[in-house]
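Two complexes, one shared chain (subunit A), two partners (subunit B, subunit C).
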Partner chain A sequence: MDLQTLFGIFIVLPVLGAFLSYSLGKRASIVATAFSAVPLIFTYLRMGDWSQYTFTALGINMSFELNPLNWFFILMTSLTSFSALLFSISSVKERQNGFASLMLFAVAGANGVLLARDFLSLFVFWEIMSWSIFLLVMRASGESARIYMIFGAISAYFILFGIGIVYHYTGSFLYSAVGGVPAYAWKYLLPIFIVGFGVKMAMMPLHIWAPHAYSSEQSFVAYLSGGLSKLGAYGIFLTFYSFATVGVLAGFGTFRTVTIPGYALALVGAFTAFIGTMLAIFQDDLRKLLAYSSIAQLGYVLVGFGLGTPLAVGGALFHAFNHALFKAVLFLGSAAVIYRTGEYRISELGGIAYRMPFTFMAVLISIFALAGIPITSGFISKWMIYEAAISLKFVIVTPLMLIASVGAFLYSFRILYGVFLGQLHRRHEHIKELPPHMLAAMYILIVPMMVFAVAPGLIFDWINSILVYYGMNGLTYTTFSYQSSVGGANMLVFFVAFMAAFMVAMGLFMMKKARTVDQYDNYLGGEVRTDVELHAAHNFYKPLREVWEPLLKYSTERFYTRVARFFAGGFEEIKKVYTGNPQDYAAYAAMAFIVFFLIGWWLL
Partner chain B sequence: MMDLIIDIALNALYVLLAVAYGLLLLGIARKINARVHNRVGPPVYQNFIDVGKLLAKKTNIRHNWIFDLAPLFGLAGALLTLLYIPMGGYRLLSGDGDLILLLYIMVIPSLGMALGSGASANPNAGVGVMRALTLMLAYEMPFLLTLLSLMIFYNTTSLSVLLCKQQGFRWAIFVLPLSALAADMALQGMMMKKPFDIPIAPHEIGSGPMVEFGGKYLGMLMLFGAAFAVVETSLFVDLFLGGGVILNPSQYGIIAYMVNYFVWMLLVLVVWVIAVFINAVFPRFRIEQAFKFYWKWPTVIAALGLAQAYVMSVILGVVP
Partner chain C sequence: MIHPVLLIAIPLFLAFLTPIVGIGSKKYARYMAPLAAGLNTLVSIFVLFETFNGPVFDILSGFSPPLGIVLMVGPLGALIALLISFTSFVVSLNCLKYPKEPVVKYTMLYILLMMGATGMVITGDLFNLFVFMEITSIASYGLASFNRDKRGYLGAIKYVVVGSIGSTFVLVGIGLIYAQLRTLNMLDISARLSQMNSFTAIVAFVSLFVGLSVEAEIFPLNTWVPDAYRGAPSQISAVFASVAAKAGIFAIARIIFTIFGYSNYLWFVVILGMLTVIIGEFSAYVERDLKKMLAYSSIAQMGMIVLGFGIGTVLALQGAFFQMLSHAIAKAVLFMAAGYFVYRTGTTKMESIRGLGRNPLIGIPLTISVLSIMGLPLFLGFYGKFYIVLAGIDAGYYAIIALILLASVVEVAYYARFLKIVFDKSAEPKEVTPGDYVPMMILAVVLVIFGVYPYPILDVLSHVASFLAGGV
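== the complex of A and B ==
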């Protein structure tokens, strides 16, 4: 396909859609959904149509490209944006036109970031995306938006800083020229780019914007967490395997075949996964719980990129894909609950599954994927990262990841029990199931999870082409099974066995009939209290919290707040120079003149 | 085609035998418990009678469709786990999936049960599942470290390979005794035997997750419990005691399979009886005590075991 089509479909079309939907008022999201569907369908159809264009505009070399890597990422971002917009048709009630148009601006920005093959367009589109997110978070809370803004600015400065260094050495903005950067400069460039992109991924300790930003409008957050946070992963992949390349990384030394920067990244990822999980367990706010879970899951992706073996990188890409799907469904589920009940505290909900069974099923399957139950594809990506770490015999990274995945069961069940199971409150007795298009928005994302669980070979074809494109070895797999150097699994055998076992259980189950009773008809040790609500979801993991209490008092957020207060105190003093008296200002000007004069005299 | 049918029939036979053996183990546990407490106790076949009675009950109570997932997922998951665990050296499906897959399959029945009991709207069930999950986080810490020490030392995550490398009494318990000790401590919590029977604590929270189940539901969950008694002990036997493989099947043929199976049954019984004796004499921990215990001593022992495996495998280059 030619440059005009590429540019038109992925960037111009969403921008046009943004302006159009803004002018439409109440129908905005419907139009926006249609506009976001076009790039999605187009992406899916144009797999394998790789092409690259370089041209000069305003005297600067610019370049755009469609390759296996950004095709893969565009697929997940457009899937999540489509489904988030489809969901928002009913769920966003206030100023829907603003919401839809900002979403489409974010889509255009994200597509631009992914397609760009020069740093200048990368930065411009990065900022378009970042500002749309800022305004979308702003719709819910100014305070959250401010916190996001600070970290967004840090991210932008670091990326700009890195671009400056690259330009200094190469005199070009093109990715293809990065090879000209001398090896010693990567000592500074690597951390700069990792911080810059890591913010978007909510890497620890740069994660604290996420719980705030993820508490805004949930249908947007489905796209933010599912789609846009993957741009950080994309950036880190590019930094490691396209800009720096393995040769440069290995120049820093290796630790059992893994490069030192890679090992450091894997350690950061493993700690992110562990700490994020532990914090998620104690959240009572559904949105914050999912936010911490999102931080933790992207930690696995970092580990995969860090370890750098084909299995690990493939696993990380697959996990990014899975996370895009299941976290989008979970945030849409959260949006659904908030849409029907107006409540987001887990302890105030309960029993929603009896009234919204289809929403519950979607959330349940996503939670299977999140926890890594083999029924969904979430297991396979985690398995790949584990096996990569085990075959490298890493004894710090592996246990942290494994125990984090056990912790994931804890917070998953907090969602399942606290929100969907347990006792249905009387005030929620009349809520209804979601309308069909909202359910469709969720189930669109469920389908790939199930398909890739039975036949992971289909997605391994895509991942393999990415690995080969970046000069790595391929994976070992067939349509239904996959191997590492230390183990392997066959999903078809698993599903057949599971079905057989399920049939046996079903046969035994069907032999006798059962009578249905209501939720108040249960065993309470002889004490019948119908006037008290008995949903045991308040402070669910209290004993665990008490054990962890001494550690929970350390908080990155409080640390930042303290730093901020320190500086704010200092600036408070400096602020006193603005006395409001013109004579003082004249005196400052005179003093400044004398200072400049003296310095200039000394310099000359 | 004939091979396939024989294969399926064999697998079904193994699974059926395992469930029956599990019920027997539960009966033995009741008997030992009673004798330690100076009671007569029920006969060892009491659990067969119980399951039969429960499955034959005419009155069954259910709450909603999610409630039904408990016995369905519970039993299906338990049977699936049995298919993936080698019993007496017989591979079943374990060649088609490794230890990591097995670990995640083992979660399926518990997850189904947690869903079903959560759907009963009984607060005791919620508290029970909370305790079960907290306990899981507690004992998985040492258990995963011991698994990692095995996987690093033998450089495999496949159970079949692990069994092969332990043949001829080169059992992992002799090579990595610290890991074996930590794994056995974790096993006590995994089987929810005292002092770690906190999630089911009958005197506090009315059997916790089980509180609302009766009739066929309880019967199927009892089968799940029986299967898991075998799965958990068998996991320890496979990991550390060579899975009971003392004769090489390629050399002795069918006799080897039978001898290995009986040795496996014996080893499972030994591991089970040790746990039952500890169960009989201990009182119950509180959940936070259990958590602190597991993240302290067993974790330290498991970490030492891991260090030993790491030094032997990576630094000294021992290849078992």
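== the complex of A and C ==
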């Protein structure tokens, strides 16, 4: 593959598509979907076609590369962007052209970030992605967009500062030159890059933008959560295993063969997973629930990157891929529910599955993957990370992750029961199943999820090439199983066992003779009641909430608000410099002259 | 060869032609401003191309330098002259929509302001610089109070007080230099600086620096900015930010690099730039008045430019010039948008402009300029901030750059709030006329074109190294 193809397909094409679709009005998303399908197909076909290029654009020298790692991430993001755009053809009604073109700008930005092999292009495309997300979020809520943008700016400026440090020491922007950064500078550089990239993957305590941003248009959020948040994971992977390399990390000291920065990252990840899950459990807003769940799931990825064994890193990459798939489906499911009912509060929904069975099936499979139930791909990836933590005997990280996993069942149940099962409200009786293209958008993501669930060896091929590319040991695996020191897993055995159990259960279910009754077929004291509220979705998990009450009163968001208010108070004081009185201003001028002069006298 | 003197002669001629045209028809008098600015734009493009072969010297009145007055235009000066005339041209198109009575005086002052600012950039003579600065200032004083209301007068009087102190300082500095060296030619002063008593040289340098800081909006001489910008008609605020301030900052750059070359003083300039940025951004964050917010933001952007000059490496200076271009253009768009909001609502309160940007014809240029000011790529503003920050870290100003980035986060916060209010969904989009959106669109397109394809500007800025070494 040559440079023109690479740059043209991944950057220029989406940008052209953005302009084209902006001019198309109501048909914008169809065109945008086509434009996002090209990079997707292209990526899939060009596996293994690794290459490196340098050229000049936007006034800077850009180095691009296609390698196993960014190929893997591009596949992930293109898949989610394609399905999000396909879904948006009907779901985005207002100013669809703006939506589609901004989505394509985000696609171009994300592709650029992933392909970049030097810091300048990384930063340029990072910022392009950032402002397109900002404008996309702003379509739904200005305040959410503002919160996103503040954190986006913090992220960008941390990265920029890190780039400045690298440039200071090496005089070059190439990734390959980072080796020239002296070991003592990594003390500053490592946290700077981790914070910079960590914001994008909503690492605690920098996560508060996520619930806000994830409450905007859900078809876009499917891409934001599924695709774009992975760029943070990508950045952290690069920082650890490409820029810093294990040698530098080990220079900080090790703890049970895990480097100290890696251990710290794993701890942050475990706490992110734990706290994110706990907060997700108590949400009544479907969108916010999924947002906190996203935060939590990316915590697992952080743990995997932190532990740094091939099993952990492989598991983390696999989990990132899985998360892209199932979280995109879940957000599209949420989009579907909002599209048909206009409602996003779980307590106001219920029984949707009777009207939208195919949507329900997609969401159900994704929820299994999310909760890590065996025979789903989510199980394998989580289990790999657990095994890595267990084999290292980490007594803080492992339990936190396991508790978070149990918590994932709790909030998954809320989605299943609160939204899809239970009593169908009368006002939702007439809703219909989604049109085929929207279902297709969801099932496109379900297919790889199912394939990787039974034959994880297919994705292990890709992951293995990444691990080998970055100088780590490969995994031990076959098409249907993988081995580890703790035990590994054979998915074929699981699958056969599950199908057998499923058949037995199905048989039992079919044997039972039962009368099917309407959900309003109720009697109370001999009277027919039509207004019975059978859907127990209000104040769900009340006992659990009471237990957690003392901890839930602390909120990171309130903390940030307080800090902002404190600073705003300080700013008010600073602004008083401008008194509005010309006499003061004249005095300032005189003082300025004296000060400038004294400094000049001293210096010159 | 096109003589740079045309940049002064044409507007001066047209300015004094305006009253004569005004006798015949008030209507045609209004078109004198776009005419003058448009002609100046053309001339400065030609001058810019000429300067690529080396600085252009235009000797006036037959006396050869250093005795006579000379115009001295390098590529950078020509670039800033082009910027000044181009933004004046676009803003004057917007002025046609909002005529201020009496039109003749308004147009005259407008042309004189542009002429003075251009003169400040292209002159090679220190006293000539003072004269042009006075023309700029006096035209500005007049225009700042042109709304004829309390706010306008109050803003203007503050500008007059601080501005005249500044002019006095400049005059003192020039007097000291002339008393010792008997010359006013910039290059001549620069060459013979060692003959000057070093103490006097410092006093002269500081006087000029302080005096010009008033126009360049450097802390603490920028105190007039919020009130004057608030009181002036919005188009005039745009001109203040993008024309007068740029001329002032370029004059300072010449004082520092071309004439005195005091590189020891530069770290203090960095401190000043940092203070200007921080105080500007922080004040803008808590400001609830739209035009004052833009004024504080303008101060902060000027601080970035000063910071770039203070860091004093090639990369930083390129950043500073990029910042000058992007700030001038983007801030002009925002002030023109503010003019539209004021016209629609009658107030400049932040709360009252809810939803006014929902018409895409206003909203798109507005968003582009806000993103450009935030320093995001694909827009011109990216290069300025990016280069300055990188150069600052490279030069070892870690703490200062960290503070600047913190201030930038604050900037992002209040501009995002501005966009949130402007695109608020509670209000219906309002109609706009071409007089409003065409000038904004022109400038927004420029921001995007040079944001995506900055090579022409980079070509001009390749001359920064010689400027830094004391060239023109």
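We adopt the following convention: the second predicted complex is superposed on the first by the 558 of 604 C-alpha atoms of A that agree within 3 Å, B and C clash if a C-alpha of one lies under 4 Å from a C-alpha of the other, contacts with A are read in each partner's own complex, and residues count from 1 in each chain.
By our rule, contacts are C-beta pairs under 8 Å (C-beta built on N, C-alpha and C of every residue); 3 or more make two chains touch, one makes a residue touch a chain.
Nothing here was measured: the structure is a model prediction, and the numbers come from that model.
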Partner chain in contact with A:D49 - subunit B first, subunit C second, else both or neither: neither
Subunit B versus subunit C as contact partner of A:Y588, first or second or both or neither: second
Which of subunit B and subunit C A:G487 touches, first, second, both or neither: first
Which of subunit B and subunit C A:E429 touches, first, second, both or neither: neither
Touching partner for A:D461 - first (subunit B), second (subunit C), both, neither: neither
First, second, both or neither for A:V547, with subunit B first and subunit C second: first
Residues of subunit A touched, compared between subunit B and subunit C (which is higher): B
Which superposed partner A:I154 touches (first subunit B, second subunit C, both, neither): second
Contacts of A:I128 with subunit B and subunit C, given as first, second, both or neither: second
Subunit B and subunit C contact sites that coincide on subunit A, given as residue numbers: none
Subunit A partner contacts - residues on subunit C that touch it in the complex: 157-158, 161-162, 165-166, 169, 198-199, 201-203, 205-207, 209-210, 213-214, 220-221, 223-224, 226-227, 262, 264-265, 268, 278-279, 282-283, 285-287, 367, 371, 374, 376-378, 382-383, 386, 389-390, 392-394, 396, 401-402, 405, 408-410, 412-413, 416-417, 419-421, 423-424, 452-455, 458
Residue numbers on subunit A that touch subunit B, as the complex places them: 256, 351, 353-354, 357, 360, 364, 371-375, 379, 383, 386-387, 390-391, 393, 395, 398-399, 402-403, 406-407, 409-410, 413, 416-417, 421-424, 481, 484, 486-490, 493-494, 497-498, 501-502, 504-506, 508-509, 511-525, 534-537, 540-541, 543-544, 546-547
Subunit A residues touching subunit C - in the complex, by the definition given at the top: 58-59, 123-125, 127-128, 130-131, 134-135, 138, 142-143, 145-146, 149-150, 152-154, 157, 160-161, 163-165, 167-168, 567-568, 570-572, 574-575, 577-578, 580, 582, 584-586, 588-593, 596-597, 599-601, 603-604
Interfacial residue positions of subunit B with respect to subunit A in the complex: 55-66, 68, 71-77, 79-80, 83-84, 93, 96-101, 104-105, 107-108, 111, 114-115, 118-124, 126-127, 129-131, 133-134, 136-137, 140-141, 144-145, 148, 151-152, 155-158, 206, 211-212, 215-217, 220, 286-288, 291-292, 306, 310, 313-314
